[in-house]
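In the two complexes below, chain A is the common chain; its partner is chain B in one and chain C in the other.
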Partner chain A sequence: MKYALLVYSDQADWEGVDDDEAARRRAESMPRWLNLFEEMDRVDPHVAGKELVAATEAKVVRIVDGETIVTDGPFAETKEQIGGLFLTTLPDLDEAIRIASLVPAAEYGSLEVRPIVER
Partner chain B sequence: MEYLALIYADEAAWERFSNEEREAAYEQYGEFSQAARDAGVLVGGEELGPTASATTVRVRDGRQLVTDGPYAEAKEALGGYFILDCASLDDALTWAARIPGASHGAVEVRQVYVDEGATT
Partner chain C sequence: MTQSLEATFREEWPRAVGILTRVLGDLSLAEDAVQDAFATALERWPRDGMPRSPGAWIVATARNGAIDRIRRERTFARKAELLARLEAVPGDEEADVSSIPDERLALLFTCCHPALAVDARIALTLREVAGLQTPEIARAFLVTESALAQRLVRAKRRLRETGIPFRVPPDHLLPDRLSDVLRVLYLVFNEGYAATAGDVLVRRELCAEAVRLAKLVCVLMPDEPEALGLLALLLLQDARRDARIGPDGELVLLADQNRSLWDRTSIDEGLRVLDRAESLRRPGPYQLQAVIAAGHAEGASPEVIVAAYAALERLDPSPIVRLNRAVAVALAGDVEEGLALIDGIDGLEGYSYLASARADLLRRLGRRAEAAHEYREALALTDNAPERRFLERRLREVAREA
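Here is the complex of A and B:
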């Protein structure tokens, strides 16, 4: 079964953070990310992950009455925003939940597990 | 440059669709995918199961908290995405506008982060 693991976190946590502090935070969480990547590789060597630039850079596109309307900022006005996603094939939902809880962002944000529709 | 186009649409409307209407919608998405593929823009894309099939996972103080449902309940929910390889944000927005969901919902365009030193 294919699953999307959507990574939600509060990007305000990173506002006003200078490069040194950002590097320190990344270094601190790196062992857990590496642990996640190793485990993901083991359960699904074809796992694909994408990290996104800040949601403040997002644009939203809509067609209204035939006209393209582009607005700044993310679609949802939620505290936490999608910061990345993984696409992975796993035996069942329990395994997807186990992998999701290994994502470091699960400790300060939320992981949404969604099955993929295969036609 | 890769861009993620997140498609938000009214799930209730989709649920009400007849089989013919669904087939027509899939056909439109097929046409978009083919056009993006022909242009060398399409990297990937998936349709997500309904938010009713979502599970949200958090870990707090070492404890796993699992809840049924999506992260955020909203009338227009994330229903799928495309990954598009475009020369610029403007190009990505132009392609995003061609995604059928842009005509009845909304498409959020996000640039994919590139870490020069990344191995994964």
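Here is the complex of A and C:
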């Protein structure tokens, strides 16, 4: 089965955080990220993972009555935003949930496990 | 359908669905194949007589039907692979079906997977593992057949689309998953036992199914003390079923029950199973509940029951357990203490048994006006007809004496 593991976290947690503090936080969670990458490589050598630029930098595109409307986005009222994602092939849902629980963001944000449609 | 044919179908359904699901990797495909085989059996068996080994016949016929079906189906992506896998299943109607691994446990764990909604787990378990027909399950849960059929279709789609595995979980997941399975069986039993509404016979059937499934788990996993504990609990509870409801459909409390109506065979079996569970020396909530049920069945002293509830509360400090312990304390003689314990419980607002328990203790203390208030509260919270009649009778008593 192919799964998307969507990493959600609250961007507000990083607002007003200076570079030193951000570096400290990253260093603190680094061993767990490395552990995750090692485990992911082991269970699926073809795993793809990407981190996204902050959602505050995103543009939302819609076509309304044939006209392209571009707004800043996404939606300020949603607290948690997608910060990154993994695409991976795993044996089953139990394994996908186990891998998702190894993502450090599961502790301060949340992980969404979404099976990918295969046709 | 004749009795024996129906019994054979019920027995062979989970076995055949399990085997075919293992091979095809898809419960819906497996079910279709087995359903077709049963339709063929229904046509042929009454005419040609029962095959020597009905189980092998069903598996072979389902396998051959699945091969035909998959060959016809042009769009199957994994056609060649599925056909090759089906070749591994005996196509011989006389084969020894016991040589094929028993997949019923994998089927049960899959049907009770926590990624499914609880309603879906219950419906799937009754359909696939107990082999009940959709209309029977719909009647038991007071939903329309089409609603139940939809529930099953959605559950099977989720199994397939989210990749819920078909297997007995590995060791690190097993304790949690086994407790999920036991919980589903417990809910099935309770649905039949507590009878929030509905047909008596159908509900009796649900209790019998829960017992049958619990026995299956105990046969397939003989060293799991909580599985044995649940089976013992269900047997001991079920033994009292006929004594719980009086001739006019009214609820009869434990202390007032006619013990000659208790099913002695079921009690003895429950006690034996409980002994076996306790000999494994890994206590758990179901075993302790069975200890309490055994205490009631054997007329143990109230102190013994209170002690068992205290042990249960240490393992499972849920509000329901605390309520039961409070009632046990009151029945053991300390009504004031029981009432104080009830007043200390949070999280059961709107629960009719909290109000009715408080009402009963207030009644015992002679605080009739307060008791009447609580009986009215309890009545506002339950639709169960026998329970309502019981509460109304008590309300009249305290209102008259007040």
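The definition used in the following text is that the second predicted complex is superposed on the first by the 116 of 119 C-alpha atoms of A that agree within 3 Å, B and C clash if a C-alpha of one lies under 4 Å from a C-alpha of the other, contacts with A are read in each partner's own complex, and residues count from 1 in each chain.
One rule holds in what follows: a residue touches a chain if its C-beta (ideal position, glycine included) is under 8 Å from a C-beta of that chain, and two chains touch if they have at least 3 such contacts.
Quick caveat: nothing in here was measured; it's all calculated off a predicted structure.
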{"item": "Clash or fit, chain B versus chain C on superposed chain A", "value": "fit"}
{"item": "Partner chain(s) touched by A:30 [first = chain B, second = chain C, both, neither]", "value": "neither"}
{"item": "Contacts of A:22 with chain B and chain C, given as first, second, both or neither", "value": "neither"}
{"item": "Which partner reaches more residues of chain A (counting touched residues only), chain B or chain C", "value": "B"}
{"item": "Angle at chain A between chain B and chain C, C-alpha centres, nearest 10 degrees", "value": "90"}
{"item": "Chain B versus chain C as contact partner of A:115, first or second or both or neither", "value": "both"}
{"item": "Which of chain B and chain C A:12 touches, first, second, both or neither", "value": "neither"}
{"item": "Chain B versus chain C as contact partner of A:91, first or second or both or neither", "value": "second"}
{"item": "Chain C versus chain B - closest C-alpha approach in the superposed model, Å", "value": "6"}
{"item": "Common interface residues of chain A - those touching chain B in one complex and chain C in the other", "value": "93, 96, 115, 117, 119"}
{"item": "Contact set on chain B toward chain A in their complex", "value": "2, 4, 6, 8, 26, 44, 46-49, 51, 53-60, 64, 66, 70-72, 74, 76, 78, 80-81, 83, 89, 93, 96-97, 102-103, 105-113, 115, 120"}
{"item": "Sites on chain A touched by chain C in the complex", "value": "1, 3, 90-94, 96, 115, 117, 119"}
{"item": "Interface residues, chain C side, partner chain A - complex", "value": "77, 113, 115, 161-165, 169, 173"}
{"item": "Residue ranges of chain A touching chain B (in the complex, touch as defined)", "value": "2, 4, 6, 8, 37, 48-53, 55, 57-63, 68, 70, 74-76, 78, 80, 82, 84-85, 87, 93, 96-97, 100-101, 106-107, 109-117, 119"}
